[in-house]
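Labels run A, B, C, D, E and F following the written order; every chain starts at residue 1.
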Amino acid sequence: MKEVFVSDLKKDKEVIDFFMIKSVSVKTGSTGKPYLDVVLGDRTGEINGKKWDVGASDHLLKEKDIVKIIATVNEFNSQLQLKIQRIRKALPETIPDDVMDMGDFVKAAPEDPDEMYNYIMDTCLSFEDDDYRALCRKALEDNKEKLMYYPAASKNHHAELGGLLYHTKRMLMNGERVCEVYKNLSRDLLLAGVIMHDMQKLFEIDADTDGMSSGYSFEGQLLGHIVMGVKYVDELSLKLNIGTEKRIMMEHMILSHHYEPEYGSPKKPLFPEAEVLHYLDILDARMYDMEEALKNTEPGGFSDRVWTLDNRRIYKSEG
Amino acid sequence: MKEVFVSDLKKDKEVIDFFMIKSVSVKTGSTGKPYLDVVLGDRTGEINGKKWDVGASDHLLKEKDIVKIIATVNEFNSQLQLKIQRIRKALPETIPDDVMDMGDFVKAAPEDPDEMYNYIMDTCLSFEDDDYRALCRKALEDNKEKLMYYPAASKNHHAELGGLLYHTKRMLMNGERVCEVYKNLSRDLLLAGVIMHDMQKLFEIDADTDGMSSGYSFEGQLLGHIVMGVKYVDELSLKLNIGTEKRIMMEHMILSHHYEPEYGSPKKPLFPEAEVLHYLDILDARMYDMEEALKNTEPGGFSDRVWTLDNRRIYKSEG
Amino acid sequence: MKEVFVSDLKKDKEVIDFFMIKSVSVKTGSTGKPYLDVVLGDRTGEINGKKWDVGASDHLLKEKDIVKIIATVNEFNSQLQLKIQRIRKALPETIPDDVMDMGDFVKAAPEDPDEMYNYIMDTCLSFEDDDYRALCRKALEDNKEKLMYYPAASKNHHAELGGLLYHTKRMLMNGERVCEVYKNLSRDLLLAGVIMHDMQKLFEIDADTDGMSSGYSFEGQLLGHIVMGVKYVDELSLKLNIGTEKRIMMEHMILSHHYEPEYGSPKKPLFPEAEVLHYLDILDARMYDMEEALKNTEPGGFSDRVWTLDNRRIYKSEG
Amino acid sequence: MKEVFVSDLKKDKEVIDFFMIKSVSVKTGSTGKPYLDVVLGDRTGEINGKKWDVGASDHLLKEKDIVKIIATVNEFNSQLQLKIQRIRKALPETIPDDVMDMGDFVKAAPEDPDEMYNYIMDTCLSFEDDDYRALCRKALEDNKEKLMYYPAASKNHHAELGGLLYHTKRMLMNGERVCEVYKNLSRDLLLAGVIMHDMQKLFEIDADTDGMSSGYSFEGQLLGHIVMGVKYVDELSLKLNIGTEKRIMMEHMILSHHYEPEYGSPKKPLFPEAEVLHYLDILDARMYDMEEALKNTEPGGFSDRVWTLDNRRIYKSEG
Amino acid sequence: MKEVFVSDLKKDKEVIDFFMIKSVSVKTGSTGKPYLDVVLGDRTGEINGKKWDVGASDHLLKEKDIVKIIATVNEFNSQLQLKIQRIRKALPETIPDDVMDMGDFVKAAPEDPDEMYNYIMDTCLSFEDDDYRALCRKALEDNKEKLMYYPAASKNHHAELGGLLYHTKRMLMNGERVCEVYKNLSRDLLLAGVIMHDMQKLFEIDADTDGMSSGYSFEGQLLGHIVMGVKYVDELSLKLNIGTEKRIMMEHMILSHHYEPEYGSPKKPLFPEAEVLHYLDILDARMYDMEEALKNTEPGGFSDRVWTLDNRRIYKSEG
Amino acid sequence: MKEVFVSDLKKDKEVIDFFMIKSVSVKTGSTGKPYLDVVLGDRTGEINGKKWDVGASDHLLKEKDIVKIIATVNEFNSQLQLKIQRIRKALPETIPDDVMDMGDFVKAAPEDPDEMYNYIMDTCLSFEDDDYRALCRKALEDNKEKLMYYPAASKNHHAELGGLLYHTKRMLMNGERVCEVYKNLSRDLLLAGVIMHDMQKLFEIDADTDGMSSGYSFEGQLLGHIVMGVKYVDELSLKLNIGTEKRIMMEHMILSHHYEPEYGSPKKPLFPEAEVLHYLDILDARMYDMEEALKNTEPGGFSDRVWTLDNRRIYKSEG
C-alpha cells in the first residue's frame, strides 16, 4: 500500500514508495552523459526526478507506468526534486506488495461515480416536463460510459476522474435551492440546462479512463463544446420530437452559459434560467479552484498565485 | 380604493382614479399659453400627463401629493400620455373615499418588512461565532429604523420600499444552501458578510420613508458605500473588541464584493466566502431585474431593452 | 412615372409625386388637435411629413402603401420635413398614371437577381470537389426563392432587395483573385465558404419580398445566423454524406467568419481559407457602407458620421 | 552544395554540412569548463549547437560566417540541439566544395527581386494620374538599391530578403482586382498607396544586404515608418509640385493604413481607397504567416502556436 | 454698456440688454405659424430664445450679430428660455449706447494676449540652446497674427479667445518649476516642446478672430495637429539647419504628447522631457475644465456632469 | 572602503571587494556536486555568483551579511556572473579595513532623511488651516520613526531607503508651484493631501530599517494602503475633532489618487486638488523610473525595457 505522497515530500527526506510516471525521457547532460528525466505523480501532485546512471531497463519506462523508487529529495531552483537511486516497474501480478489502489495515483472527485450518476439521473427523472426529461435521460444513458470517468476540463477546474459528474451534481444541488428562492424560475428548464451544459466536453476533450486529458479533439478545436452542444441538442430534439421553443431555449442555454463572447458565448443569456445557469457554473468552478489552492496552504497564509483565479493568492483563515 | 393602475392604461381609455405626483410644473406651450406638466405614478409605473387649462389650485400641486384625476389616455411619440381634464389633491381627512393604501402608490418588496427583518436577525442570532454575531446584531439594531424602508439602490435593482431587506434576505437563503454544498465554507463568515455588505447604502443614498431615493449623499459621492462599509466595520469592531483577522476579513468582504475595480472594488475576493458573497449579490440583482423586465412582457415575446442587463431584451417563455 | 426623389428635395420646394409610406400614425398636437405624422420614402431615402388637417381617409393609410402627395418642403431642427396639403393612395388598377415601378420605392442591389444567382450557381458548379459542390448546390436550390429578394442585413450594409446575392457575388469575385495570388489556398473550400457563410440570414432575419426587414426571428435572437449556419451545414452534410473533416472545416469557416468573439465568432479562423473569408466579408461590407456614405456627399466634402463605420465622416475626393 | 537543411534534422542523425552562424560565444559550463555555444541556421530555420571542447580557432568564429560542421542531433528540453564534434569556416577561395549558394542560407522571397521591382514599376508607369506616377516613380528609383534586398519587417511577416518587394507586389495584384469589383475606386490612388505605404521601412529598420534586420533606427524608434512616410510624401510632393489634396490624401493613406491607434495609426481611413489599402496589407501579412506556420505542419495536424496570429495553432487540411 | 449676462438670468425676470447671436433661423410651429428661433450668448454662456411674431427685419438677423432685446425668462424642460418681445441689431455707428466692448460677448482668456505672447517669447529667448531658440522664435514670429486670438481647441478646454497662448503660458510656468525639482531635465528641450506642441492647432482648427472655431480644416481632419506639427518641425529644421538628433527629439515630443494611441499619439514618450510635456499638458487642460465646471456651482454642491472630465460632477468646497 | 561597485563590473575582470548578500543557498549541480549560489549587491545593483567548492563556513552565510570576495567576472546567457574563488564575512569589529559605510550597500534617496522630514514638517506647519495642520502634524509625528527609513514601494519607484520622504518632498515642491499657477486651488488642502496620500504604505509594506521590503502585510494584501489611508484619516479626524467636510475631502483625496479603478481608486478625483494630487504623484514616479533607467544608459542609446514604464526603452540624449 502506498504510504508516502508527493504532498508529503520534504527536502533531504529518503523515499521508498510507488508513483505513477507522468512523463519520461533519457536526456543528455551538459557533460554529454545520459540521464533519466522523469516526472512522477500521485493524486496529491507531481515532482520531477533525475537518475544520473541510466540502466537498460530505464529505457523501457513509459507514461502511466506505476513504478517503485528509492530516492532522496533535493531542492533545485527553489523546487523539490528527486535524486533517484533506483527505479523499477511495479509487478502486481507477481509481487503481492506491488498491488496498488489506482485511486492513490490519479486525482479523482471525492464521491463515487455511481452515486453521482444516480443523483443526476434521479433529478432528471423527477422533471415534470416530458421533453426535458426525455432529452436529459437520453443524453445521460447514451453517454453513461464516458461520464463515469470524464473530467470536466483538460486542465484547471474539475480536471479529474469523475470531474464532470461532480461538477454537474454540485450545480444541481445549488440549482434546486435557487428555484425555491426565485419562484418564477422553471426548475425543469434550469436543471435540464445544468445536465446538458457541458455534455459535449466528452467529445471536445480527449481523455483516458483515468480521467486524464491528453488534449483537444479536432472538432473540439475547430468548434468547441459549446457549439457542439448546440448541435447535439438539435440532433436529439429531432429524434425525440421536441418542439421548436423548447429546443431553441435549451440550445440557447448551452450557447450562452459562458456569458461573455471572449469566453466562447456569442449570445448572452436572454431568460432567467440561462442567466442562473451561468452563475451556478462559475460559482462551482471558482469553489473548486479555491479549495485546490487552499489544500496546500497553511492557516494564516496565502496560497501561490492561481492562474485560473486571475493570479490571485488565496488566503486561508487562521480559524 | 385605487382600481386603475398605470400598467392597466390603454390608448383612448377614460381614467378616474388616484395617483401620486412624481414631478410637476407649469410650463409655457409653443403658443405662449401655460399648461400643467405632471408625471403621475403608482406602484406599477409612471405616466406623463398634460392639463391644458391651468387653474389656480394647479399651482399648489407638488411632488408626492396623492391626487385624483379625470383624464383620457392619448399616445404621443409612441408613448401613452394623459390628457387631464380635472385634477385635485386627495383629502383623506375629509373624504372617506380618498383614504388610500400607500402600498398602491410606491413600489415595494413583496414581503413584510418585519418578517424580513426578523429572518435576517434570526440568521444573525444563529451564528456560532460570537464576534460576527455581535457585529451583525449591533448593525441591525442600530440601523433598524432605516432598514425597515430603505431601498437597495437609488435606481435599478431593489430600488423599492424595503428593497435592502429583501435583497439581503434572498441572498441569505441562497447562502445557506451554498454552505451545505461547499462544506469548507464558514457559514458565519459568509452570512455575516451578506448582512453587512450593503449596510452603508443607508448612508450612501438619500431616501424617504416611502423607499424612494432622491440621490446620493455627500459622503456617498466622495467615498461610496463600499469604502463607507469598511470604515463602519472598523468602527464597530473597535467598540466590540473584535480581533484583527476577523475584522480585516469582514472589511475585505465588503471591499471586494463588487469584484471588478471598475465596479468599485479595488481588491478581488481573496478567500472563498468573499468570492461566494459576490455571486450571491449579483445573482439576486440579476433575478430582480429579469423579473421586472418580464412583468410587462407577453409570453412568447421579448421585453424592451434593459439598461442594467447590458441592453438585453429578455425572452418570456410561452409555457 | 416617379420623377422627384427624396434625395432631390430642397427647402421651400413644392412636391407633387408618389412615395411609399414607411410609418404612419395620427397624433395629437400640443393644442389637442389631431395631425397626420408620416414617414415617406423611396429608394433614395426617407423624409418625415405632417398633415395638419386629418381627413377620414387619412386614418386608413398604412405602412408600405404607395401614396401621391402635394406638399411643401420645410425645415425643422435643421432637417427637411414635408408639410402635406393632400395625400391619397395610389390606385394603379384604375388610374394609369398611378402604375409605378417598385424599384423606384425600395432600395435594391444594382444587378439583376437572376444574373447574380446564376453567377453564384455557376461558381458552385465549377467546384472540382464533389462534396462542396453538392453542399452549395443544395443550399442554393433549396433557398432559391428567398435568395432572390433577401437583404444581407436587417439594417446597415446590403440591407436592400437582393442584397445577400450581391454581397455573395462580390465576395466571390474578389475570392477568385485571392486564390490566384495565394496559390496554396483551396479555391473550392474558400468559395464554398463564401456561398454558405451568410445563408442562414434567410432565417435569422424576417424580411418581406421587397427586401425590407422587420426585425429578427426567435431563433435569430437566441442563436444567430452563425450558429444556425453551423447547424445547417451539419444537417446538409448528413443528408449528402459528407465526411467529417470537410464538414467540420466548413462549419468552422461559418463559425469564425466574424473573427472576433464580440462580433459573434467564438473561434478565430484556424486555416487560411477561413482567414480569407473574413477579410472578403468585411471588405465588401465596408465598401458598401462607404459607397452609401458618399452618394449624398459633395466632392471635396465629408459625409455625415456613419455609425457602422465607427462614426467616421467619409471624404469624397474633388477629382 | 548544401544538402542537409535545418528543417531536415532529426534526433540522433549525424550531420556533415554547411550552415551560417547566427550567433556565437564561448561560455563557461557549470563545471567551470569553457564550451562553444552557437546558433546555426540556413533558409529553413535555426538550431542551437554546443561544442564541448573549445579550440583556438573556435574563438575566431563570428556572426554570419558560413561554417562546415560535423555533429550529432540531440534533444534537450524537447528541442533539437547539435552536439558538434568539429566546426570550421568555409573557405570558398581555396576549397571548391566550399563555394556556396547564399540563397541556401538566408530566408528569401520566392521571386526574383528584379522581376518584382519591374512589376511594381510597370504598375506605377501605368498610372493615368501624372502626380501619383511621378511620386511613386521617384520613390522607386531613389530607393531602388535598398528595395532590392530589404525585408518588410524586422521580425514576423516578410522578414526576409526581398520581402518588401514581395509584400508590395502581392498587394498590387489583389488591388487590381478590387478595383475591378468596386468600380468607384480610383485605381491610381489605391495602387500608389500600396507602393508608398511601407517605403520608409527602408529607414525605420536597419537591415543588411542579406535581408536580415539588426533592429530599429533612431528615427524608427522615435517616429516610426508611418510618420516617416508622411514626412517623405510631404518632401517629395514639394519637389514634384503635387497639389494639396493629392498630397494630403496620400499622406492620410500612409497614416491610416494600420487602422487602429494601438497599431500606430492615429487616424482611421477616411476614404475608400485608404480603407482598402489596410485590408490588402493585413490580408497579405496573414497569408504570409499562415503559409509559414503550415510549412512544417503535417496534413491533418496543427502548427505550433504562432505569436503573430494571436497565438493560434493553424490547421493543415488532410486533403 | 452691457449689464445683464446670461449667467445672471433667472426665471420670470425681464431682460433688456445686448447679446450676440450664436445661431438663428425662422421655423414653423406646430400650428403652421412661423417663429424666430435664436441662440443668444455672451462671455458667460448661451440661452435659447423664441419670438412668436416674426417681423420683416427678423429675417435679416445672422450669426455673430450683436442685438438688443426685450424679453422675459421662462423655463422649458427645466431649462431657461427667453420669450422675446423685441429684437434689433445694435447700431454702434449711430447710437452711442450701442457701442459695446467685444470682450463682454466672447469667451476669452483672462490675460492680455500681448503679455502672454511676450512671456512666451521671453522664455524662448532665454534658451541657451541656439537651435531650440531659433526654432521657437521662428514659429512664434511667423504665427504671431493667429496666435493673438486662436483658441486651443474647437470645443472643450481653452476654446476661447487667446486660449492657445494662455494654455502655453501656464504650461511654461509649471515647466520651469519641474526643471528645478528634476535637475536632470533639459529646460530648453522641455520648454521648447511646450511652445511647439500645439502650434499646428492654428491650422488644424478653423477659427475666427473672435476665438470661435467653426470646425476642422481638411488637413486637420486627415492628418491632425500632431502629425502636422511633426511635419512643421521638419520643415523649419531644414530651413534653420538643425541637426538630426534635436530635430527628431522635438518631433517625437510633439508626436507623443497625447501619450495614448487612442488619443492620437502613435508613440509613447521615450525620454523624460517628453514625459513631462504630456503631464503639463493634461494638468492644464484638467484645471481649465474644472475651473469652468465650478464657475456656476454653489459652494457645498456638485456641478453638472462634465463630458470632458469623464462625466464627473465636480464638487465645490464650502470653504 | 568599498571601491568596486556592481555597476563597474566588466567581463574577465578580477574583483576583490565587499558586497552585501541578497540571497544565498547551497545547490546541487547537474553532476551531483554542491555549489554555492549567491546574489551579491550594493547600492548600484546586483549580480549572481557561483562558488564551485563549498567550504564549511559557506553554509553559514545568510541574507544581508556583508562579505568580502575574490572572484572573476564571467558572462553566462549574456549576463555577467561572478566565479567566486573566496568569500568570507566582514568582521568590522576585528578588522579595521572591514568597517563599511552602509550607504554603499543599500539603495537610498540622495537627500538626508532629517532634512527631508524637516522640509515636510515645515510645510505642514505653514498651513493656515488648523485642521489640516493638526492632522498632518500628528501623522508625521506618530510615524516619524518609520518615515526615516521607509521606501515608497515594495518594488519599482522609490523602493529605497528614505524613498517615501523623498517622494513626498518632491511632490510638495511641485505642488507649491502649481498653487501659484492655478490660484483657485487651496494650498493647504493640496499639500496636506500630498503628505497623507501614501502614509499607510508604512503599514501596507513590510520593510526593514535598510529600506528594503520583504513583501506585503496581511492588511496590506486584503485592503491596501489606499483604503487603509482612508480609515487612518477617519481615526485621526475623530481624535482631532475635524469636521465632516474636511475629513471626507481628505479621505477622498487618498481614495482617488490612483485615478483609475484598475489601479486601486474606486472613485475618480471630484475636486481640483484631488486631480492635481494624482498628477503630482504619477509625475514623480515616472521621473524616478526614467532617471533610474538612464543611469546605466550611454548617451545616444536606449535603456533596457522598463516594466514600470509600459516596457518602453528610454532614450538618453547625446547632448
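FYI, a residue touches a chain if its C-beta (ideal position, glycine included) is under 8 Å from a C-beta of that chain, and two chains touch if they have at least 3 such contacts.
This is a predicted model, so every value here is computed, not measured.
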Common touching chains of subunit F and subunit C: A, B, D, E
Taking each chain's C-alpha mean as its centre, the one farthest from subunit D: B
Selected pair, out of C-D, D-F or A-C, that shares over half of its residue contact pairs with A-F: D-F
Whole-Å gap between the CA centroids of subunit E and subunit F: 42
Interchain centroid distance [CA atoms averaged], subunit B/subunit C, Å: 44
Distance from subunit F to subunit B - Cα centre to Cα centre, in angstrom: 47
Per-residue overlap in subunit A, given as positions that touch at least 2 other chains: 30-31, 221-222, 245, 249, 270, 302, 313, 315
Touching pairs - complete list by chain label: A-B, A-C, A-D, A-F, B-C, B-E, B-F, C-D, C-E, D-E, D-F, E-F
Residue ranges of subunit F in contact with subunit B within the complex: 218-219, 221-224, 226-227, 230-231, 234-235, 244-245, 248-249, 251-252, 255, 260-267, 270
Touching residues (chain side subunit E, partner subunit B) in the complex: 29-31, 35, 50, 52, 74-77, 83, 302, 313, 315
Residue ranges of subunit B in contact with subunit A within the complex: 170, 173-174, 176-178, 180-182, 184, 186, 189, 245, 249, 268-272, 275-276, 279, 282-283, 286-287, 290-291, 294, 300, 302, 310, 312-319
Footprint of subunit A on subunit F - complex, ascending: 25, 27-28, 30-32, 221-222
